[in-house]
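Presented below is the structure to which this report refers.
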Amino acid sequence: MPQVMVVARNFMDMVAALPASKLDMLYDSAFICEAVLRSLPPLAKKYALQMLYVSAPVVASAMEEWVLSDYATKHRVAIDKLLQLRVFVEVRDRRKEVSYKMNQKFQGNMQKYLVDGGSLPREPMPSSVTARLPTLTELEAYALEQWECFLLQLINSSQIEGGSSFSLSMMRTFQRGLLSSRDGEAPRLTENGFQFLLMETNAQLWYIMREYISSAEERGVDPTELISFLLELSFHTLGEAYSLNTLTDVQRIAIRDLAELGLVKLQQGRKDSWFIPTKLATNLSASLSDSSSSKEGFVVVETNFRMYAYSTSRLHCEILRLFSRIEYQLPNLIVGAITKESIYGAFENGITAEQVSLAL
Amino acid sequence: MTSKVYSDDVSLAVVVVDTNPFFWASAALPFADFFAHLIHYVNSLLLLNHLNHVVVIATGVSSCTYIFDSSDASASGSADVAATFAKASRKIEEFIAQDARCTASNGSVADSNSASLLSGALSLALCYIQRVFRSGTRHPQPRILCLQGSPDGPEQYVAVMNSIFSAQRSMVPIDSCIVGAQDSAFLQQASYITSGVYLKPQELSGLFQYLAAVFATDLHSRTFLRLPKTLGVDFRASCFCHKKTIDMGYVCSVCLSIFCKYHKKCSTCGSEFNRVMPDLNSMPDQRQ
Amino acid sequence: MYGGGGGGGGFNAPSTASGRRRNQEDEEEEEEEAGEGRVLEAWERAYADDRSWEALQEDDSGLLRPIDTKTLVHAQYRRRLLLRSAATAAARIQKGLIRYLYIVIDLSRAASEMDYRPSRMAVVAKHAEAFIREFFDQNPLSHVGIVTIKDGICHRLTEIGGSPESQIKALMGKLECSGDSSLQNALELVHGYLDQVPSYGHKEILILYSALNTCDPGDIMETIEKCKKSKIRCSIIGLAAEIFICKHICEETGGSYTIALDESHFKELLLEHAPPSPAIAEYAAANLIKMGFPQRGAEDLISICSCHKKIKSGAEGYICPRCKVNVCELPTECRTCGLTLVSSPHLARSYHHLFPVQPFDEVSSIYPNKLGQKGGQKCYGCQQSFINPDSQSSLHVRCPKCNQHFCLDCDIYIHESLHNCPGCESQRSSSS
Amino acid sequence: MPISWSTATSTCSTPRWPASCPGRCRRSVSSCSTRHTTSITSALRLSVSASASRRWKALNETCGASRKRLIGRFKATDANRLRAEYNRLVDGLAQRGNLPISDAWLANPALPDDILKEAVPGNIRRAEHFLAVLRRLVRFLDGRLETETVENEMPVSFVASIHSQAGIDQKMLRFCYDRLHSLMLTLEITDTDEFMHIQTICDFATLIGTYTRGFSIITEPYDERMPDIRDPVIQLSCHDASLAIQPVFDRFQTVVITSGTLSPIDLYPRLLNFNPVISRSFTMSLTRDCICPMVLTRGSDQLPVSTKFDMRSDPGVVRNYGRLLLEMSSAVPDGIVCFFVSYSYMDGIVNSWNEMGILQDIMQHKLVFIETPDVVETTLALDNYRKACDCGRGAIFFSVARGKVAEGIDFDRHYGRLVIMFGVPFQYTLSRILLARLEYLRETFQIKEGDFLTFDALRQAAQCVGRVIRSKADYGMMIFADKRYSRHDKRSKLPGWILSHLHDAHLNLSTDMALHIAREFLRRMAQPYDKMGSGGNKTLLTEEDLQNMAQDAMEM
């Protein structure tokens, strides 16, 4: 699905969009560097790696030697990207010859990484303090559950899942684009809202994060801090407990919201509370959502528009319900029919036929 | 779909490290530095994509073993990568010691230019890669990198060849980086047949630079890059009788064993040769 | 999830005779319990044989999951393996490694039948291609030619040659079928060609036969005699049913005659012909062949290749060691001095036939780590632990020589593709 | 005209079925396949049709000729040889006595020993007299053939009329066969076929002379099928199969009757009137189910197919039958055998196939051979059929139920992978013989016509399809192409070894389904299998197996 790439890159664009000073500030943290590096296109990665131990600027023309002549375009793209993100810095010597050198901070961090294969943003709390931690499976289950009920929330805001009522800030985030909330009636799903539902979990995550961050600006929170925090978060170890006390208050606010999305799990200890990053969080910096996060199951649509979906998730059921009449549900099977009314209903909500067929 | 867009990135690199003491004793680059380079390289791979997967296999004079597997590292949390590396280096030392021990125990080969068990290491690597293939449809792109210093062991010829063909069959390129003095005919052929990269760096001190520049890139973006070409692969066979390479010789029609000069009887399959072309009809027909 | 189960069932059912019988039996009983008036429709009958749905189980949550066919597959693989190793029981087994094979493809009217999807012809062509590749992979020094039968006459599609690509191209080009088929004509033709091959070569014919009859100009028995005389081994794979004459031919000439049940089975049968058959002593004269092992020409040297008469830089050509002429591809015969030119990899490809890995013996999971000191709980090859939760049986195998333990997958891989035992290879003592 | 002296074939035919149990006929002294004995009808048939009239003359001539020659011989042969012959005639009894008895009944099973034991009556002992008698007899028969009406009389009255008109008494009649036989022996006449007709007459005479009941003489001036052409026939038909088997029962204390087509088994004791000690029907023991019977009721167009009188000439049915054969000929390798209900039907349908062009299409797949009433032609056809099967060309043999092929020829292995029974081979119900026979059966054995007819038809059908599989290494398919087979009353009369393999799914097939099944079956059968049979279905019994069985039998 192309959207995924779009979203993912957009995020990096956002990073790139930041003014140089802020960028350099970002590069203070090794994790940002790492995340940025990983988000680069393959060729760019390679260059970065190659330049890692080169302190002197390298002449651009020399770099072009690295690739075969007929792939020059790709080379261009890579270089641009690097410059955009200020991983490479362009320097011109007196002979007006363009040559690149690497961003010192970036370089430094990376070198450090190579030596001691990446350290941790903050030490996990000793297990003595923490009460029993949820197992990874529990954690994942929790994350997915949270995430799904958030999505369900999107689909029909009327029904509120037990316990997880979303804070205003989050709701506001969704309002933008996903939900068309005409005042008075309950917000309904819009076209790209529906599109959104069809994305990979990871892509959705990014999308939401972007919305969240940009909305953060309105709330007068410095996006860079958020970004760095999010990226940091993604490098925490899955299932380890981290104390909240180590966080700045901005981060504390953020983490509450994230908890609602299921990115982290908050736990209250005796004297202090801590948060546990879930798979969703650790995947933040991943460019690829691994298969476990995308749920199994497939849909069979007969020519008589009867539809059989092999899935256990309520979410799937709900998504289908958007444009079809669910007839009955078995433990792992959802049987529905696409009827005129149902499809019209879908169009009412601005869902286009393409999207429906895409969904199937 | 997403997977397809990105999976070119994700790669599984099995690094075969030659820990032949006889070689490292007399190597230009001390083993410790070499190992440091290696660690850098492994780290850089992991850095490039958090889904990248690196396995290191050590091959000694008389045994081979797995010494590092990033998958169990990440399983225990990507945090303690450092710890795993520490473990790895510990493991490799143990291995070397143990290897030396069993070399001593079967004192068959103690001469200085004895080969490492390339065939064994390759076999292990391939088995591991097969397992990854089995793991599912979105498996990473596997490749093998051989860091070899010690000379080839002619007695491994058949075995190495078998592994090479098996690799070719499952599209696993075998890259080879020679840290030793002389070229390795085995690895030349391996890289040539499996369309991997064969490299013999001049300046060993900058080993990491070579590794990063040539071997760190994933298979997909290799197609763009200008990589060192393999020239003059030695395709000459070594005869079975004296293990010496020949460019013309006799081949047994039954078992294809190679001899440097004419024999009366095939030493491999034991079939008699008759110089004159026998006319078929004169031969007794055992069918009735 | 259906695919797995169905495929598994479909694949297992035909291959094991017992499986077959079992299927028939429960098919019978199924139909007996089906009431008097009840009639299985045609499409139902199609499934009545391989009852793939029986391979499906439900897990506790009611999700369907296919039974793991792994052990089954492995079991039948082992049978094959042991069979093979039994056949090559003699330490020094002679194999016919230099084979001259003509593939005869029946493109008569019958080849357009639709009982194989999309048509017999298409299926045959598809797998023939796969076969040819596999064949050259296993017998690098062998030669293959393709002959087609159509309208009762048969003509040579490609002359016998050493490279797969040309054959395949020719085959794919020529795919329409009509008229009767004639075994005799085919045999006559091929016999004519095969009489010219050198005496050390093993002459074989592999007929992929769709038709159920043969319209011959003369007495086919004589032709069979001729083939028998000139030591040509005819094997036939029938797509429809057993034909007496085919059986006769194969029995006479020492070939094998098999009938495909379905596409997968056909593929199986076809690929069984890829590995070289144990040489019947008098079928070909053992002989020492003088061969050259040319090297790639140096980068700079420019020469004219003898095969295409084109100017080539030495790099993409090879130099005949005897007469120094440049040839483009190996293996081939030097145009000038007639020396057989091969590269050592070509020879090496078939060495595993000579030094096979002996079959591993199965170790039951009761005492997993008693025997394998190093192996322990893990497969020595791929480091996979034997105690995996999903498959209830943690059966694995052990190499008799090096006592290393391997998982079933590795076992298959090692014997089918790799052909060395990693355990033995990574021990100095046994590696030479 | 072929003369089927059916009784002659009722002698020990070695037990073929089930071919599984070596020890079976150990205790038996004799055993015979009942197939033939029951079909001992239409014993003799003299034809005087235009074509044959010449032969009739020839017959007379031969009589004359032979007589002259005999006279000549008398003159020629010296006294003692003449005396020797005379003696033999006089004390035939003694002669017979010397001969081993079994030979006697083997040589002439139809005649009870008492005849054989009696001496030849004096008035035909001399050759001249005998010939004169024959002359008179022939002339008498000739006279009878002149008749315009259909007559049906018992041997008694017939003999009476002979006596009155030809002055030949029963005793003389009875000895004709015997006398002629010995005469021929004496004169060492080798070319017997020249004397075939005269022998026929003697046989006829002897039979009517011998039996007073169980036979009837039917004289028909016309053939019912073509009532305008005059084709007078005198037929002596035997209604009572028990007569034929009688000597066997008399001769042996233990008789084991085995057959693949004895069904329903309870009918036989009544037909052959004896009371069985044990009657068992064994199921066939096979390593794999290597026979695949199917009942095909509809063509591809789902219209029913049958050979009932009202339907058989319907072009739709004919076409469907044609399509069936065509499809099968394209899907079945080597040999296919087709059985039709009668010659006339076969001619008809083959003609119309020819017109429809179906025959040509079939010819593309296989060569077609046809059985004709002519023995020589048929054997030739069979030869070529076999050749065609051997060399892989593939062939189809059109044959007729109750025909010679159906009775005696095996189409095992590749000679018959498929046999198609077109229609239910009921007997020609209007024929006098059948009517007479049915009547007789009803009177003597209280067997209903309907029962007997279906029984007979199904037995024929089973026998036809039985040709195709002769051993358990063999395999073959059987298609009963008639909707009537799907009816239970018909089907249930099929022998058990067929029924046991007749799946319910195969009871009501149309052509396309049958085709599919056929393909599946052939593929399955072509797979290698273990000949010995494994575990449950062991088919080759060893010595100890038998002993064990005996043990078990003892225990229960």
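Order of writing sets the labels: A, B, C and D. Residues in every chain begin at 1.
Please note the rule applied: a residue touches a chain if its C-beta (ideal position, glycine included) is under 8 Å from a C-beta of that chain, and two chains touch if they have at least 3 such contacts.
The structure presented is a predicted model; accordingly, all values stated were derived computationally and were not measured.
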item: By count of C-beta pairs in contact, the leading pair of chains; value: B-C
item: Taking each chain's C-alpha mean as its centre, the one farthest from chain C; value: D
item: Interchain centroid distance [CA atoms averaged], chain C/chain D, Å; value: 53
item: Averaged-CA centre spacing for the pair chain C and chain B, given as whole angstrom; value: 28
item: Distance between chain centroids, defined by C-alpha means - chain B, chain D (Å); value: 81
item: Inter-chain centre distance, chain A versus chain B - centres from mean C-alpha coordinates, in Å; value: 40
item: Residues of chain A engaged with two or more neighbouring chains; value: none
item: Multi-chain contact residues (two or more partners), chain D; value: none
item: Complex interface listing, chain B residues touching chain A; value: 1-3, 5-10, 39-40, 42-44, 46-51, 77-79, 81-82, 84-85, 136, 138, 208-209, 212-213, 216-218, 220-221, 223-226
item: Touching residues on chain C, where the partner in the complex is chain D; value: 14, 17-18, 20-21, 24, 28, 31-32, 34-36, 38-42, 45-46, 48-49, 109-110, 115, 180, 183, 212-216, 219-221, 238, 240-246, 258-261
item: Touching residues on chain B, where the partner in the complex is chain C; value: 59, 61-66, 69, 102-103, 106, 108-109, 117, 119-121, 123-124, 126-128, 130-131, 134, 153, 155-159, 161-166, 169-170, 189, 193, 231-238, 246-259, 262-263, 266, 268-274, 277-281, 283-287
item: List of chain C residues in touch with chain B within their complex; value: 92-98, 137, 141, 198-201, 228-231, 252, 254, 279-282, 284-296, 298-299, 315, 318, 321-322, 330, 339, 342-345, 347-355, 379-384, 409-410, 413-414, 417-422, 425-429, 431-432
item: Interfacial residue positions of chain D with respect to chain C in the complex; value: 288-289, 330-334, 364-366, 389-394, 413-414, 417, 503-505, 507-509, 512-513, 516-517, 519-520, 522-530, 534
